[in-house]
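Next, two complexes with chain A in common: one pairs it with chain B, the other with chain C.
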Partner chain A sequence: MSESTLITINDLKTYFFITEGVVKAVDGVNLDINKGEALGLVGESGCGKSTVALSIMRLIRPPGKIVGGEIWFEGEDLLRKGESEMRQIRGGRISLISQNPMSSMNPVFTVGGQIAEAIKLHQNVQRREIKGKVAEILDLVGIPDPSKRMEDYPHEYSGGMCQRAMTAMALSCNPQLLIADEPTTNLDVTIQAQILKLMKKLRKDFGASVLLIGHDLGVISELCDKIAVMYAGRVAEYSDLMTVFEKPKHPYTQALLESIPRLDVEEERLRIIPGTVPRLINPPPGCRFHPRCEQAMTVCSKQDPVLTEIEKGHKVACFLYDSNVRTKPQV
Partner chain B sequence: MSETILEVINLKKHFPIRGGILLRQVAAIHAVDGVSFNVQQEETLGLVGESGCGKTTLGRTILRLVKADAGTVRYNGRDLFKLDKREMQKIRLEMAMIFQDPYSSLNPRMTMSDIIGEPFDIHRLAKGQEKKNRIRELVEKVGLAPFHIYRYPHEFSGGQKQRIGIARALAGNPKLLVADEPVSSLDVSVRAQILNLLKDLQEELGLTYLYISHDLSTVKHMSDRVAVMYVGKLVELAPSKIIYKDPLHPYTEALMSAIPVPGRKKREKQIILKGSVPTPIDPPPGCRFNPRCSYRQPICAKEDPEFIEVSEEHFVSCHLRK
Partner chain C sequence: MSSNSRVKTDEKTEEPYEPSRATRLFIVWRKLRTSKLAVTGFGIVLLVATLALLAPVIAPYSPESFFLTMRPPTLTHLFGTDTIGRDLLTLVLYGARISLYVGLGAVFIEISIGLTIGMISGYFGGKVDEILMRITDLVLTLPTLPLLIVAVAVFKSKDINTIVLVMGIFGWPFMARVVRSEFLALRETLFVEAARSMGASNWRIILRHILPNVLSTVIVIATMDIPWYIFWEATLTFLGFGDPTSASWGVLLWRGYLYLQDAWWIITFPGLALFFTSLGFNLFGDGLRDALDVTTRGR
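The block that comes next holds the complex of A and B.
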């Protein structure tokens, strides 16, 4: 682990134990985020990206359980922390902006009151100064007339404003790591542009690291430096942002990029990935993408590919790039 | 240009808001407020706009699923709002809808064969063995396996459910399909399958689509022409090649610049709109976009701009483009 690494996730496994069996939502994920860096975690629904976020926050509830791995955050393993220590970290040093702002706010308390609660818990602020601080932070995220609007209830806010208020709450204690789980999915494009601009500005001003989770590659491109592509509970590819778009290596990443309609490219037909995302109760053996992969080899259904570095900073979990097992020429 | 299949003239739909003890009408939601456009045979017209702008209501009003308050809709020259019930039912065969949410638009108590076969019963098109054969044909056409026909909706994935929805819509051999956000609830890799299927069916069966969506990238991929809607009105309508490159209305311009493009980090120019979409209950006077517009002139707050053709095939409603 180098000096500048903020968080390192090693072989994280989070399973859900339900009556039908064990759902291996996250099954051996490795990731690092450096200080001040923004990592985009992309994947289709059900690939385990939100579970990674909740595992970092230690917010996995039964029937889910973190069954293995380590999460090193500034030299400490978060998975070995006690509940009271975790409460200090959550919302303080690591904070989460969740997917649906409307349902993440408590409808019976005012927006200002809920932000004040976070500040009271984590910061040593005088009681009479709290209101001023809340207004200040709401102003920062662009809520008009903040000292008045902080007395409003969440239902009096529009979707975009609610997302701003959630962002304000997450930033109120100057976190070192900000986890944003699909922060703009429910918003309209013009409002999404506002929120993205805000997040870019805040990242610059506060110098926080960001883990941005999403399925929209456009949103990720705009905010992130690095990108990790997840498929069925594992990381398939990890590299610099532009490397993934310019020379994607994993067949899943390649297919994913060709299956989205692009504004900048004219195409008559989109590439299809045959089949559907596998169920994680009984994932296919070996590489989980092999039943849908056009370049699958015999080894793919037998062994698990390991996420290995093939160029500096570019990691892929695919046997096509493993010189020991490669039996046919690289495509 | 080929023949016009659908003509919409000054269509209006206001939903009343009732209040007080007598439940008198106190206000109205101006969901669709004077919309006019044409759809040509075998083309795809994309209809885009942000949530709450009235695009879904527009689609439903055209098919007479909700009653319009004013205006005319002509399908192949016949005024739909003047038809009686029986005539309307006949013409309904030629127009069908694909719904947004395949999870809630299929009856969970009906099997796939019941769902797809229902239009045959309602319109008395086929029964017995013939109906069975037709169902099988449709199932194969949309890429589902025929041995699945006795399964219930919960046994299918999202993409398969949407295929069932499409098969049902095709049952009456329609000419015009209104597709309301057909892929927005699907995963990226499945989305491509459905979009390709819609394109193939259009080519094979000569369908005309009114494709409603908020996703500007898929609309560009699907459409020949694109109409942009803002708070109950159309602001711009042009061939998709032109509208994405040279938008004329300030709202379209902002909308286009707000789309994040995968693999592009820096934007050449981006217009960030201030504030949010106004409520359709009490829309701003004059041009509805004027409070958020950066090119605003005094006239914009007073007069409603007309929807006019400024260059060939390019309609826009903006005072600056006269």
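The block that comes next holds the complex of A and C.
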């Protein structure tokens, strides 16, 4: 762990105990985010991306439970914190922007009132000054005529404006880490671009670290320095942006990148990854990707691959790059 | 609508920002006004409340002055006189005070118990919910009238406050159930999760984030329950379990029903007062339900 690391997640395990069995939504995730860095967490739906986000916030609700691991945030393990300590951190030092801006706003309060509420929770601001502060921050995220529009109710805002307002709320207390859970999923492309531009600008101005969760590699590549690819509750590959795009190592990452339509190459059909994400109640043994993997070996169905650094800053969890396995004669 | 408000805000660009509470009440009133029935209801409630408050001023006589007994309505006694010679109009006016006191008092107790139990039960769920809801079921299945009679008898007091208290204590289960179900639904919403992710505590979420969403339902139920309590008080007194020294509408009915054939007015006027009051509250409550919904703004 270097000096500049903001948050380190070690072997995080979050399971959901439902009647059919145990859903291992997050099963041994390791991640680091440095100060001022933006990490993109990508993966198919249901691979545990959002569960990682909620685990960091300690907002997993029954039947879900964090069963193991450590989350080191500035030298403190968040998983050992009491509820009241966590409340100080939530919204204050770590903020979350969720994927449904419209329904994340309380319908009976004005937008400004809700942002004021967040400010009051974490900062000592005089009552008279709060209005000004709210208007200021709404102006920052590009809400036109903020001192008027702050008196509007959420249903009077458009989806994009709501997302801006939510972003404003998340930033209102200058968090060190901003977790954005698919912040642009429900927005159309123009608004998407605006929000991304906004987040980029805010990242620069506030110097906060960002954990951007999404399945859209295009969106992720706009904003992030590093990418972690998740598959079925585990990190498959972790590296900086260009490495992942240019030299993907994990077969899943390779397949994922090949399934993006490209304008510069003529192709009859788009490549797809056969099969679906396994059910996490009863995941396949060994590497969870092996049933869909074209390069699967015998060892893949027997042992769990470990996330190992194959070059500096490039980690892959795959036996293809494990010298011990490769040298062994394959059965 | 949104274009409408946009135009409005543009017009007063120079004006300093005004607090929104007054505007919100104004919006509720504007929406209420669109329904004729709701306005009628509101008018009746307002009228009854004014008459009750001003009874000592507007009543033609004192409730303690006596005239000829059982006189039919005349110009001097618009509603006639009762079995012991009191002016019936005066009695009905004073009765409104008692009936409103009963209705508001019992509803206050109902809200205090029902809202608290419903909020805790719905938000925390689990064992707490299980226990509280079984208690609620128990109270809900008890037959109200016999129970009220027994309870009044047990308290050995026919004081009006006893009746209010007893009615409130047995009237809360429905409120608790509705509040619980709304909390159950709302605690799963994203805005509650958002509040939690901003670091709000459980009680802060309950009182500041969810309760305001439930308040309109509570107000509507309360409005609809007020006439219900007025009726129960009348029923109890009519059956002889009330406070015979008070002059509530129930007592007037109870005294008058024996003379229905000879003096129709004794039972008719208090009965009509009761009828219009509960009609007013019901219509008003119905209108409020629509008007309090912020997401549908009328014009």
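Definition applied: the second predicted complex is superposed on the first by the 323 of 331 C-alpha atoms of A that agree within 3 Å, B and C clash if a C-alpha of one lies under 4 Å from a C-alpha of the other, contacts with A are read in each partner's own complex, and residues count from 1 in each chain.
In this section, a contact is a pair of C-beta atoms (placed from the backbone, for glycine too) under 8 Å apart; a residue touches a chain by one contact, two chains touch by 3 or more.
Note that the structure is a prediction, hence the values are computed from the model and not measured.
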Overlay on chain A: chain C relative to chain B, clash or fit: fit
Vertex chain A angle, Cα centres of chain C and chain B, expressed to the nearest 10 degrees: 80
Contacts of A:194 with chain B and chain C, given as first, second, both or neither: first
Touching partner for A:269 - first (chain B), second (chain C), both, neither: first
Partner chain(s) touched by A:106 [first = chain B, second = chain C, both, neither]: second
Which of chain B and chain C A:256 touches, first, second, both or neither: first
Contacts of A:168 with chain B and chain C, given as first, second, both or neither: neither
Which superposed partner A:212 touches (first chain B, second chain C, both, neither): neither
Partner chain in contact with A:121 - chain B first, chain C second, else both or neither: second
First (chain B), second (chain C), both or neither touched by A:31: neither
Shortest span in Å between Cα atoms of chain B and of chain C, once chain A is used as the common reference: 10
Doubly contacted residues of chain A, that is, touched by chain B and again by chain C: none
Chain A-touching residues of chain C, taken from the complex the two chains share: 2, 5, 9, 17, 20, 189-191, 193-201, 208-209, 212-213, 294-295
Partner chain B, residues of chain A touching it in the complex: 44-45, 158, 160-161, 188-194, 196-197, 215-222, 241-242, 245-246, 255-257, 259-264, 267-273, 276-277
Chain C-facing residues of chain A, complex: 57, 59, 84, 86-92, 95-96, 98, 100, 103-110, 117-118, 121-122, 131, 145, 147-148, 151, 153, 155-156, 166, 169
List of chain B residues in touch with chain A within their complex: 50-51, 157, 159, 187-193, 195-196, 199, 214, 216-218, 220-222, 244, 254-255, 257-265, 267, 270, 272-273, 276-277
